[in-house]
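Should a chain be cited, it is by its letter among A, B, C and D, assigned in written order, with residues numbered from 1 in that chain.
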Amino acid sequence: MSARKSVAVVGASGYTGRELVRLLARHPGIELRAVMGGRAGQQPDPPELPFDDVVEPLDLARLAGVDGVFLCTPHGASAELARQVLALGPRVVDLSADFRLRDPAAYAATYGHPHPCPELLAEAVYGLTEHARARLAGARLVANPGCYPTSILLPLVPLLRAGLIDRDAPIVADAKSGTSGAGKAPTARTHFGAVHENFLAYAVGTHRHAPEIRQEAGFDRITFVPHLLPVFRGILTTIYLQPAPGVGADEVRACLREAYAGERFVRVYPRGLPELSRVQRTNFCDLAVAGAGAHVVVVSAIDNLVKGASGQALQNMNVVLGLPEDAGLAP
Amino acid sequence: MSARKSVAVVGASGYTGRELVRLLARHPGIELRAVMGGRAGQQPDPPELPFDDVVEPLDLARLAGVDGVFLCTPHGASAELARQVLALGPRVVDLSADFRLRDPAAYAATYGHPHPCPELLAEAVYGLTEHARARLAGARLVANPGCYPTSILLPLVPLLRAGLIDRDAPIVADAKSGTSGAGKAPTARTHFGAVHENFLAYAVGTHRHAPEIRQEAGFDRITFVPHLLPVFRGILTTIYLQPAPGVGADEVRACLREAYAGERFVRVYPRGLPELSRVQRTNFCDLAVAGAGAHVVVVSAIDNLVKGASGQALQNMNVVLGLPEDAGLAP
Amino acid sequence: MSARKSVAVVGASGYTGRELVRLLARHPGIELRAVMGGRAGQQPDPPELPFDDVVEPLDLARLAGVDGVFLCTPHGASAELARQVLALGPRVVDLSADFRLRDPAAYAATYGHPHPCPELLAEAVYGLTEHARARLAGARLVANPGCYPTSILLPLVPLLRAGLIDRDAPIVADAKSGTSGAGKAPTARTHFGAVHENFLAYAVGTHRHAPEIRQEAGFDRITFVPHLLPVFRGILTTIYLQPAPGVGADEVRACLREAYAGERFVRVYPRGLPELSRVQRTNFCDLAVAGAGAHVVVVSAIDNLVKGASGQALQNMNVVLGLPEDAGLAP
Amino acid sequence: MSARKSVAVVGASGYTGRELVRLLARHPGIELRAVMGGRAGQQPDPPELPFDDVVEPLDLARLAGVDGVFLCTPHGASAELARQVLALGPRVVDLSADFRLRDPAAYAATYGHPHPCPELLAEAVYGLTEHARARLAGARLVANPGCYPTSILLPLVPLLRAGLIDRDAPIVADAKSGTSGAGKAPTARTHFGAVHENFLAYAVGTHRHAPEIRQEAGFDRITFVPHLLPVFRGILTTIYLQPAPGVGADEVRACLREAYAGERFVRVYPRGLPELSRVQRTNFCDLAVAGAGAHVVVVSAIDNLVKGASGQALQNMNVVLGLPEDAGLAP
């Protein structure tokens, strides 16, 4: 049995940091050694009540002794922190977008500033766990996938590899996310009065996750449109693909069932359709397939804060540190 | 100025009937003469409080004197009621699905029983008002469009007519509806605990509105998938189309702006995107166009109870009775 | 019939200003001459879309010609604006708290700064319309009641006057409000993630509406605790009072029914209980009475943005300008 | 260390049964041996998907070998099942109301039918765990407290015992509950369209939990009014009490802090106020105290499905079976 490991969470005041702390509290093989804010010199708010989690100021020196560090800091800030933490020894799982795009030019075009640490890009492993285990095993730096990409790549990657999709036809990924994906900072867009009893599409043709999706799918003709749901947790994506000749919904479903046959966290439905309530607060990605007109439709559901962020980050850290992959992730 | 007209609402205890009563209360040119339940012999519930609307038992004889009757009764029941009411004299706007499909065989296949009054199908006018005025003027019987079809046909009809869409490529209509579309009767599916903080796709490839959409679009390759939102009012549909050669988002937008230039209830956005809150409790259909990858994306938003049901029904009745088309429909 | 009047709304970018603009659009006897922001020199945001309402910069000179001005500006700012507008001629209905407390010392203690225009306090009429008509008729300046006070005073004022309440026992007013009462500015408290699927009490013993309630009730022993509901519109207050000897729920209900017998906007239930959905988007205050143990319980429901703010403001302006009191306020 | 115990859940298709199954899945010391429906001969629905929990038909014989049985069956049905199960050997924790009222006449008056097993009433232990440990230790039958009573009794019991409350003045308990308290069966009252963006009081002066509250408080003058919140989980109760002479909020808070000083699941706030989000999915009861006018206000928050039902039931079962009281109940 593997020995107990130690980790720290940096940038713990946001939703993904808080979620990681919640998951780690139940982890049998990891000790949570430090919970820190994201910026040096920034004194985090004291806990509101005595039994609240304490977020300490960022103190890199204290990270030297831990086995792994989760960075829940914003893109732009994470890259530099990753470099500093790696120099101290710990492995890093970065939940920001900083190491997801392999091409620094694509990063600059997407995020509006040069990549802060291009020299680390080559060794960063894109942590879509089910498809990255071999590289994760010895990795020092993991780029944790974006929430939308996770919900789209888990179904598309096996289908594209198996050649079941007509590559001459574009794929539609119509994704709907709860508001936690927009973060904890109050904005006009996430004000209760702007979300409740409302629904909208946004960033049509311009969302920052589109290059990440295309890179990891290895397929450019994916049209991705995100929408904002009046729920807190969850992403449900409806994917419309045109199958290769002779392929129908049954073949697509069979391919996914085979691809994920031994997987703990990807459930391919034999019938029925996923809904957010089936995956909320779990690390599951639920997939279902149905034919509709000229398309095969794949419906994919995850909890954006778990499989779409902190749960997958923990799954990746487990692999990196040699722990059982599902430790701390029971539903 | 046109003389004051009189109408009745039959099947007034559901959401669409109630909405019609609400709209008619403000109508300057229509007197609401009777508000009846949908089944003969069925004694409707007494009003809960003295100031509640009274829904009276169905009494066909009393409908003889009115100019128009709204049928808010379920499909299957509406057709026979329509025949009886027409025999008494009034014009009929039927909010059910009974007269939407021109082919009785398609009706039987879709609704699971033979059409109750096939002899009336030929004269029924499909009341997508903006595209049906010429036929509505003298009509005796109007088939009020379904909620999902309204949100999809208003953008697609002008684009297909103008030849801006590549007819060799399938169109995706990913539609999201509030729960009022599922009606007022309590079901496991519409229980608060099953809807709140949840979201799901349903009826993939099998929804009854699909044949109606294809018939009125005059185009078969439309893949329509409905979803259930945790909101009460509104449908937002995201439509993915592949444009004809040389056509882009700008041409698509220009086509819609021209098609609806003089229209009171269809608003084509020069920029930005619709959201449900902009159309709730109005008769507007809001449309926006953006390019995304290989697709041109059209986002369409309506209030399913207003433009998707009772508002459009009133708009149709206004045309049928020679009243100003927007009477009683100010936002 | 009264001639058409003209008004302006100042501070129109918040929820109450927007609600007033919505109500005035339907008013048959008032022309809305100007819709302005709340601060001089502040250039309001341009309308997002061509069909959005335009909020113009504050321009006091343009207010000289109108009959009435609604101030939807924050407390502290309203008082000085009221003085300037009154000097130009128009009557003023101020929706802020600036003229609600008659005693400038109470104002300073409650709002944390000296009253900006104490010389106007004496002539300001507290506009709980149903109880203020005589003074409203010739008024130049109306202090529009707070939302919580409206929901509490409409039931309590007649009961205290009639001596039906045991004045030796304290009254409990447990009030629950939708988030629109907290305004349109994004805050941590009104972030979707902090409100949705949540509920809380706040400002126990310290809310600024408590002195206003006590002043207008003429009774000090009222314990008022507000709560934040995960809804957008509405206040429901549950009032627990101990009746005077020989008085029970029936006498309390009869007193309220008599007090509001001729009233258009106060509905006293013969049976059943109010709920928010019955009053949302209306100017109604719904009241019901039931006995429970040692208490008589009065449940009161209003839409905080209508009867609790803009609707009552319009009702007051109608009286001030000699228009029919319910003009523009039909449900 | 105690040996591993075995239990069964009967009536597992409702919300409380489902919640128990969820909690037991994490329990280190209990094996869940059977998950059954509530009625003999009733074939429960098959699981929708292969990975769903299976609810088996009721089979009393199979319960003979387990250490404890949770009854999540409706009042009226539970009592007879309890008798049969007890005869087979296992201890019983009954989540229904059948054994909460000690007086069978009070039961008949409250529930509208004679008590099915009055002979068991004497030995049933009312399981407000923190105040029932001594009797729970050897108990065969536990009456699990109602959700509202739990939220009210945990604060009131120590205060009444300590004499800090003026017994000549009535207490107000204004309680607000999420819809899961109303159960899983679809009704007009719990339809999404009737709950969402709505709020209401109900059962004023007539709720079935009132006699239970008075019995266990040992104090009759408690006025309890329940309300229905548009949330799924949680009860927040605002309690207004008049303190005994010389007592204020500080003394009340100190009394509660002392009473619950060593308790794992009752948290008395030194400052601030509880909200539902702090207790949802936990077994905590959070309490805060503040002065307001003539009253001391105590705010109490629980998750109605956990501390108000299944969590407390498991806490009770742990005590009954000699397991650590908090086993399986970590937040």
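One rule holds in what follows: contacts are C-beta pairs under 8 Å (C-beta built on N, C-alpha and C of every residue); 3 or more make two chains touch, one makes a residue touch a chain.
Predicted model, so just to flag it, every value in this text is computed and none were measured.
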item: Partner chains shared by subunit A and subunit B (touch criterion as defined above); value: C, D
item: Which of B-C and A-C has more C-beta contact pairs; value: A-C
item: Geometric centre distance via CA averages, subunit C-subunit A, whole Å; value: 47
item: Distance between chain centroids, defined by C-alpha means - subunit C, subunit D (Å); value: 40
item: CA centroid of subunit B to CA centroid of subunit C, Å; value: 38
item: In subunit C, residues with contacts to at least two other chains; value: 194, 196-197, 230-232
item: Complex contact set, residues of subunit B against subunit A; value: 169-170, 172, 174, 176, 194, 197-202, 204-205, 210, 220-225, 227, 229-234, 236, 238, 240, 242, 273-277, 280, 290-295, 297, 299
item: Interfacial residue positions of subunit A with respect to subunit C in the complex; value: 15, 179-180, 184, 186-188, 190-197, 230-232
item: In the complex, subunit B residues that touch subunit C; value: 25-26, 48-51, 196-197, 267, 269-272, 330-331
